[in-house]
Structure formats: C-alpha cells, structure tokens
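Read through the structures below before going on.
The following pair of complexes shares a single chain, subunit A, combined with subunit B in the former and subunit C in the latter.
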Partner chain A sequence: MRAVDGVSLRVARGETLGLVGESGCGKTTTGRAIMGLVASTGGSIRFDGQEIRGLSRNDMRGVRRRMQYVFQDPYSSLNPMLSVGDAIAEPLRIHGLYDEMGGDRWIAQLFDMVGLSSSVAHRRPREFSGGQKQRIGIARALSLKPGLLILDEPVASLDVSIQAQIVNLLQDLQRELSLAYLFIAHDLSVVKHISDRVAVMYLGRIVEEAGKSDLYAAPTHPYTQALLSAVPVVDAATQGRGPRIVLQGEIPNPSAPPSGCHFHPRCFRATERCSVEAPAFGLVAGTRTEAACHHPGPGP
Partner chain B sequence: MIGSLEAATHIAARVAARPAALAALVFLGALTLLATFAGALGLDPLEQDIVRMLEGPSRDYPFGTDELGRDILARVIFGARTSLATAAGAVLLAAAIGVPIGLVAGFFGGWRDAVLMRVVDLLLALPGIMMALALIAVLGRSQAAALVAVGITGVPTFARVARAQVLSLRRRDFVTAVEAFGATSSYSMFRTILPNSWSPILTQMVVLSSVAILLEAALSFLGVGIPPPTPSWGEMLRTGKEYLHDAPTFAVLPGLALTLTILAFDTLGRALSTVLEGRDTVVPARGNQP
Partner chain C sequence: MQQTADRTVAGQSADPVLSIRSLSVTFVGSGKPIPAVRGVDLDVFENEVLGIVGESGSGKSVTALAAAGLLPGSARIEGSIVLAGRNVVTADADDLRRMRGQDIGVVFQDPSTTLNPLLPVGRQIVEGEVAHGRLAPVAGHARAVELLREVDIADPENRARQFPFQFSGGMRQRAVIAMAMAGRPKVIIADEPTTALDVTVQAQVLALLALRQKETGAAVVLITHDLGVVAEVAHRVAVMYGGRIVETGAVRDIFAHPRHPYTAALLRSAPRIDVTGDRLDPIPGQPPTPTDMPAGCAFHPRCAVSAGRERCRTEAPPLRPVGAQIAACHFAEETTVASAGIPASARTPL
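So, the complex of A and B:
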C-alpha cells in the first residue's frame, strides 16, 4: 500500500512547517519515514544537506541524534518501568553521551526548560498528568540537542487549556534553541498559531503548501478551502468568511486511491481532466502558493 | 528502585490477602527454611540404623525408618533441598533459554520467528518425560542432568510467553520511542520490552516450579533422576512402594511433601496471575457465582 506518495517537504532552521490533513491521510507515516521508523521505498530525505535514506544502521544513529520525535499520546510513549528522570536520560545513555552532555546537571536543566522541577525525577510516569507527561516527552526529545523535532499531534490528546501551555512552551523552546519543527496536526487553529508555513495533505499527497498567512487568507486548492471552511469561528459574518463547503462522500480507501487527482470524486470543481490526469505540484500563477490542482483559484 | 520495591510490596500484600495463597506462601516459606537450614537441625539423612530398619513411627524416628534404617523425616527434609534446588535451577535455566528465544522470534518476526518457533513447537510436541529420559540417557545420571532435563522441557513455555509479550508491546509508542532515539534491537528487546514483561514471566516461573518438582520426582521414581544416596522424594516413593506391606508409613511423608509442595506452587502461581492481571480487584457478577 502506498500510504504516502510524492510528498516533498522542506523545513529550515528555526522554522515551523505545519502538516495538516484528516486522520489516515499519511501525516504520521510521513513523520515516521523521515525518522526512518518506517521504511521508504523511494525518494530522498536530506538532513543538513546529507542524504539519510539508505544510510547504514550506524550512520543513522548519528542522524537520529539530531532529529527527534514527540509522540501524540504522552500516556503510551513513556516506558512505565522507568522513572521520568531515567526516561529523559535514556537517549543520552543509548548514545553513551550521558556524562559528555553534562550528566545530572543537564537533566536538571532539561526539567527546568520544560517547566518542571527536577525534584520529581525519581517518580514514575503514572504519577503525572497528560500535560506534564508531554513536557517530559519534549524534554526527552531535547536531551540530545537535536536540530529538528517532529511533533506528531503533540497536543491532540490534551485538554484545550493544557494545549495552549504546550504550544507556548514549544514556541519558547524554538526561539531559544533555534529548532526546526515539523508540526503534524489535524487541528487547523493550533497549526495556524504555531506554523510559519503550512502543508495540506490529502490521501498521501501534499495538495497545497504556502506561507501561513497566504494559506489561511487565500487558499487555492478546493480541499484546503473545504478544510478551512469547516473551522468553527465565533461569528462567521463578522469574520468575513464564505459559506461552509461540505464535501461529498468519504475518504477513499488509500490502498486503492481514485485515478487522476486523488481528490476528484469529492471535489466541487472537478472536470473530466481531473479523473484522468494527476495534477503536478507547482506554483499557482499570480500567488506565492504551491498546489497540486488543475483548477486552482479562490473560493467556490 | 524505590518504586519497584513499593510495587513488589503492594503485589505481595494483595497475594497474601487470598487465604489459599497465604497458606501456600507460609508452607513454601517454611519448607525453604527447613531445606536451607536442614544441616543445623542435627538430622542425618545418611546415617544407617540397621537394627531398626523399616520401623513405624517412634520417639526417635517420628515417621519411621527406611529399608536401610535411615530416618525418614531427615530424608524428607533433605529431600526438600534436592527438590527445591533442582526445580529452581531448572526453571531459571528454562527462562534463561526460553525468554531470549521468544523475544528474538517476536521482535524480528519473519524467518527468525518461523525457525525459532518451529523448534519450540517440536519441543512442545514431545512429552516432557520422554525428552527428559532421552536427555539423561545422553548426559548420564546426575543431579545436574536432572536439572538440565527438567529445564529443557520448560523452554517452550517461556518462549511462548515472551513472544506473546513482545507482540503486544512491539507497536507501543515507548518501544518505538527508543528506536527513534537510535537504540539497538537488543536494547529495545532486553532493556525496554523485557522489563515490561516481568509479570507473566514471573507467574510462569512459579507455575512451572510445580511442574519441575513433579517431573524431577517422576525421574527419580523411574530410577533415572538424582542418584542415591542423595535423598529425593521421588526416590523415596520408589523404594517405599516396595515395602507397602511391611512399612505402610514409609511412603506417606515423601508423598505428602510432594503433593503439598506442588499444590502450594500451583496455588501461588494462580493467585499471582490473578493479582498481576488485576482480576482480584474486580467483583464478579452475581450470575457467575457457583
């Protein structure tokens, strides 16, 4: 099955790229393929200019030091048998860098960076709330001083009030450490808040990518327009937004995607051509937006 | 470490809250103490009082004497040492071989899984006692051979339990997480999955102890277990059955010790699995009451 196909993404240092789409569209697979956690059958993954696809186990270890992953579910991503201090130190110990990176003092500093007291280091994960666990997961991801964090729905399983705290924490950390983020989410308002650029994914393909303000103000792809019209707002009339676009049908089975443009059976702008020819991903004339659509343009 | 000690105390308390398990625990504790300090009791399992052989209970010999005039009580107590030590060694050996087999098979899957688990199935298909007899035929008759023979028969159980654990934990995020950090496969298996699998493995160790004791006794009963004059329950039963008419009390104590020990390990194993799976805190529905 091709879970992800023809996805091309770039994240620069200190920048956040939001990756959005419905569940099952391949966002997580994309993130895990970058980490080498799922094997990719083709394409290119470069980190700091170095091709990392097909690297040997040993060379990959070195790369993994510099990019880390934060999981969606803080409850299942921490080993229940390890104290949280040991959990944060685990990547250092795996790479044999515990003493080199500053040992206990660095661990205490990491607790401090994510807003926790290092006096809780000996406790088990079950003694913490979801938000605290996610802070621990972030501290753990930072322990090797990576350049890139892949954040896989890091706030989706948290309460709304906690979500904001974690998003703010992530922004502070990015500023201090000039981290690059690949922020995977389905919640468009969270993505709008944190991202510099946003890529929209549908059925394993990127359909539109643009700077945040361009994408939210003037989406060109019909799928993006439909997604944005579904974001709840307090008062649609005063916020200057058009009518809600309701897509017909269900997401097709990804193992047997539709011909041509994957989106054409549900698209309100689809023509004959869309069912035959897959659109190329490229700059939309007169905009700074890249999209994969035969008929890009403003609203329906 | 403080956390795991607390957890262990908590589990022990919940096991002890079950009357049958508590009785089993007390019995096994007493037996272990007796076996450990058997030498200090002033009993000699080898001293022969030829004049008084095959006697019934008396003040000198509370459970009588055997065919060579040896104290049956002393021999049963020293026999506990043999039984418990052989069983413990066999179970540890079985776990030491079986658990890594199951971990590797479950973790890598594919051809490794197919090859390893077919070997395990082969072991499982042979009756334990047959395989143990064959192994002793090869290794010769000694306590070490009995231990190895009993241990090998326990390997499939541990391999299957460990494999099942890997399969259920393999896709959990905390296992993926250590992979993402760059951990080696052996780190994932032995440092992450194994510590999270201790509870079913521990339960199997206790349950398998009863099987190991029974199998060791069976081997001795057949005359291929631990060689005399080392006292062993199975050996005593074997000799005792020859004198059922002349000394009916001969086989009673070793038989009783064997039965109670097996029962105690089994009861404890069941209680442990109930507690570790959290079933002791669930109130059964009324309809399920007998």
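So, the complex of A and C:
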C-alpha cells in the first residue's frame, strides 16, 4: 500500500508548517517517515542540508537528537513506571549526554520551560492530568535541544480549555528556541492558529500548500474548499452560515485510490480529464498558492 | 444545515417530553464515592435540539445516560427523571425495556462498537422493533431497507444484508441513527455522535441528524465538547461544569452574550477558523475531578470574574435568570466576553 505518494515539504528554522487532512490521508506516515520511524521507499529527506534517507542506524541516531517527535496521546507515550523526571532525562541518558547537557540543572530548567514545577519530578505520570502530561512530553522532546519538532495531533486528546494552554506554550517555546515545527492535525482551527504555512493532504498526496492567510482566505483546490466549509463555526449561532459544500461519499480506501486525481469521484468540479490524468503540483496562476488540480480557482 | 433565522426556541409552552429534577448521580465502589452529577434540572421539549456542552468530567454523558436508564448498578441516582410521563429512576427492567426504542433512542460516539460485528446491519437496526412485537420478523428486511433509505444510504437493498465491516465510519453512524429512530422515539440521546468522524463526514451526519429530527419531530439531546457543532445544530444549550448546569438558554443568546464566566472563557479559549487572533486566551488550571470538587462555585479557582471573592469560595451559586438566559454565578452581571479574558499566560505552575 502506498500511504504517502510523492510528498514534498519544506520547514524553515523558526517556522511552523501545518499538515492537515482526514484519516488515512498519510499525514502521520509522512511525519514518521521523516523521523525514520517508518521506512520510505523513495525520494529524499534533507535535514540541515544533510540527506538522511538511507543513513545507517548509528548515523540516524545522531540526526534524531536534533529532531524529536511529540505524540498525540500523552497517556500512552509516557512509561507509567518511570518518574516524570526520569522520563524527561531518558533521551539524554540514551545518548550519553546527561552530564554534558547540564544534568539535574537542565532537567529543572526543562520543567520550568513547560510551566511545571521541578518539585514534581519524582511523581509518576498517572498523577498528572492530560494537559500536564503533554507538557511533560514536550519537555522530554526538548531535552536534547532539537531544531525540529514533529508534533502529531499534540492537542487532539485535550479538553478545549487546556488546548489553548498547550498551543500558547508551543508558540512561546518556538519563539525562544527558534524551533521548526511540523504540526500534524485534523483540526483546521488549531492549525490556522499556529501555522505560518499549511499543506493539505488527501489520500497520500499534497493537494494544496500556501501561506496561512492565502490558504484560509482563498483556497484554490476543491478539497480544501470543502474541508474548510465543513468546519462547524461558533458564529453560526448568531449570524448563520453561508452555503456549505457537502461532499458526496467518503474517503476511499487508501490501498486502492481512484485513478487520475484521487479526489475526482467526490469533486464538484471534476471533468473527464480528472479521472485519467493525475494533476501536477505547482503554482496556481495569479496566486502564491501551490496546488495539484486541473481546475483550480475560487469556490463553486 | 439550518440557518439561524429559521430556528426558534420550540415548544416552550407545551409539557416537556423529558423532565429532570434535582438529579444527582454518585458512583459507589470500593474507593471514595464519586459524585458525577450534583443537582441537575433540565427540560427537553419535542421538536427541539438541546445541546449539552462541557469538558471531561463535567457530568454531561452521565446525565444523558441516566435519562436513558443506562447507568450501571454502581450508580446511586437521586432526584427524578420523567420521560413521556414515566419516572425512569423508579422504573423496573421491563418498563425500561419498553421505554427504550419507543420513548428514547441512543446514538453513541463510536458506531463500530455500537453495532454487532457478527450480524447483518439490516437485521440489527430492526431488532428492537421485532423484539417489542411491533414488527413481524418476515417484514424485517423491507423495513430495514426503508430505514436505511431514510438516512441516505445508497443501494439499501444490498446494504441491509451486509455486515458492519463492509460499511465506512460515516455509513455506520447513519445506520446507528436509523436504528435509534426506528421506533420513532420521542427523545434521541446523541452522545458525541460525530467526534469519531472526519470533518467532511461530520458535516454529512450532522445535516442528516438535523433533517431526521425535523421530519420526526423528536427531541434530540446532543452531547458534545464542540461549541461549533452546538452553534450549528442546537436550538438551546446547557453548559455543564463540575457536575452541574452553569448556564442554559437559547443558543443565540448564550453565544452572543454569555453570562457565566466559564461559558465566556470557553468561547474565548477555542481557536476559531473564522477569526484570526494573535494569541489564545486559555482558562488557567484544569477542570475539577468529581472526587476533588472545589467548595462554593466549582469554577472559582479558574475564574477571572470571581478574582478570589469570599462568596465564590464558600457559597454555591444557584441558577437564576440573567438577561435572556439563566446562569449560576453570583456575579453574572459582571461577565462580558471580554471580562472573562484571562491574563495571557500559558504557564500555569502546578
């Protein structure tokens, strides 16, 4: 099964690239392939100018120090038997850098950076709430001073009032540490808030990528348009909402994607050509947006 | 999806089809008793969608499950729940069985655990009607086809014979909605019905739920954590916090002028796709857990309006009329969307 097909992405230092899409679109697989957690079968992944696809295990370990993954579920990503202080120190110990990076003082500093008191370092994960566990997961990811964080649905399992705390924390940390973020999420509101640029995936391919304001204000790909119009908005209560694009059918099985443009069976602009020819990804005329569509343009 | 202008607060003069008074639910087991719901009054009228919003541990699901008589034996229930003239709390197992399907139907979050994987979908969705003797087994298939057609499932003849694994997630939830509505119940409890679905499929399922509600005149109690979903499909909303309703009224009034500081802060904390802002306003701290409920108003430790006032720490505020809605806050008159804003700091130490 080809879960990710010809995806190209760039993330610069200090920048957040949002990667959005529905289930089965390949956004998580993309994130894991970058980390080398799933093997990619082709293409190139360059990190700090160095090709990292096909590196030996040993060399990859060195690269992984500088890119870290934050998982969705802070409940299952922390070892329940380990104190949270030890969990944060674990990456340092694995890489043999505990003393070199500053030892206990650095650990205390990490607790402080994520808004926790280091006096709780001896406690086990079960004594913490979901939001606190996610802070611990972020501190652990920061322990090796990485340049890139791959954040895979980092707030999806948290309550609304806690999501905002974590989003603000991530923005503060990015500013202070010049971190690059690849922010993988299905929630278009959160992605809009945190991203500089946004890429939309559908069935293994990027269908549109643009600066945040262009993508949300003037989407050109019919899938992006449908996705944005499907989000329930709070203002509907007071102002009503405009007409909604309700897509027909559901996302096809990724192991047998439709021919041509994968989106054509659900697309309101599809023509004959769309069912035979996969559209190339490129700049849409008259815009700063890149998209893969034979008929890009304003909504229906 | 309906436009706001079409929506009116329905049926207020008629008798409620579901009426909950002084409901408390405490789970008792080997450890400390867990008071999950602490005094809820709620009326639901026919022909309306009532949204119940709240965060985890607010008691929203327990309240709804109590109404359907679906709480486990470890739940100690006080107060009354009158559904279509009968008290659910004192009803015996036979009464409850009769009420389910006929008076009340339930749609749960995850359709793949609601459906039996070993039975054809068609047979399951009419199982209730057959068991209640309202439908002859030989007529089952034809009725299942009709029900699947009503929820817009293409090729219902063949789909009725298929198994749940042959359905997509959205189709499964449509089938569950068909099943919940099969006996034309007066009340449908929908507990996070679209949370497990993708956003484009969520839009389809919510539109279907609203349409079927309109066609049947049923009351729908929609439980969700998503304020956008409530804004789009509910007529009235009840906001729950710490096992109590803290604010209730017409969706339009509450979203335009929240009177409880928690509602206002919740509306401000959510990132919005229709608004571009620099920084989110989180609510500091965590939602309380039932075993560790603050004294007085449960929200006071996180409340910007309270600002540590004595009364909030000692006295639980009752629900009272404020503006067009009712709210449980000693200082509801001081709440505005802006005043509920919390000094922007994500770094709340333990």
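The rule is simple: the second predicted complex is superposed on the first by the 292 of 300 C-alpha atoms of A that agree within 3 Å, B and C clash if a C-alpha of one lies under 4 Å from a C-alpha of the other, contacts with A are read in each partner's own complex, and residues count from 1 in each chain.
The rule is short, and it goes like this: a residue touches a chain if its C-beta (ideal position, glycine included) is under 8 Å from a C-beta of that chain, and two chains touch if they have at least 3 such contacts.
Note that this is a predicted model, so its numbers are computed, not measured.
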{"item": "Superposed partners subunit B and subunit C on subunit A - clash or fit", "value": "fit"}
{"item": "First, second, both or neither for A:A226, with subunit B first and subunit C second", "value": "second"}
{"item": "Per-residue touch tally on subunit A - higher for subunit B or for subunit C", "value": "C"}
{"item": "Subunit B versus subunit C as contact partner of A:I107, first or second or both or neither", "value": "neither"}
{"item": "Touched partner set for A:R61, first subunit B, second subunit C, both or neither", "value": "first"}
{"item": "Vertex subunit A angle, Cα centres of subunit C and subunit B, expressed to the nearest 10 degrees", "value": "80"}
{"item": "Subunit B versus subunit C as contact partner of A:Q171, first or second or both or neither", "value": "second"}
{"item": "Subunit B versus subunit C as contact partner of A:R244, first or second or both or neither", "value": "second"}
{"item": "Which of subunit B and subunit C A:S77 touches, first, second, both or neither", "value": "first"}
{"item": "First (subunit B), second (subunit C), both or neither touched by A:I162", "value": "second"}
{"item": "Overlay on shared chain A, then closest C-alpha pair between subunit B and subunit C (Å)", "value": "8"}
{"item": "Touching both subunit B and subunit C, residues of subunit A", "value": "none"}
{"item": "Touching residues (chain side subunit A, partner subunit B) in the complex", "value": "35, 37, 60-61, 64-65, 68-69, 71-73, 76-81, 83, 90-91, 94-95, 122-124, 140, 144"}
{"item": "Complex contact set, residues of subunit C against subunit A", "value": "1, 3-5, 55-56, 168-171, 198-204, 206-207, 225-232, 251-252, 254-256, 265-267, 269-274, 276-277, 279-284, 286-287, 302, 344-350"}
{"item": "Residue ranges of subunit B in contact with subunit A within the complex", "value": "2-4, 172-174, 176-183, 187, 192, 195-196"}
{"item": "Residue numbers on subunit A that touch subunit C, as the complex places them", "value": "22-23, 115-117, 120, 129, 131-132, 159-169, 171-172, 186-190, 192-193, 213, 216, 226-241, 244, 246-247, 250-251"}
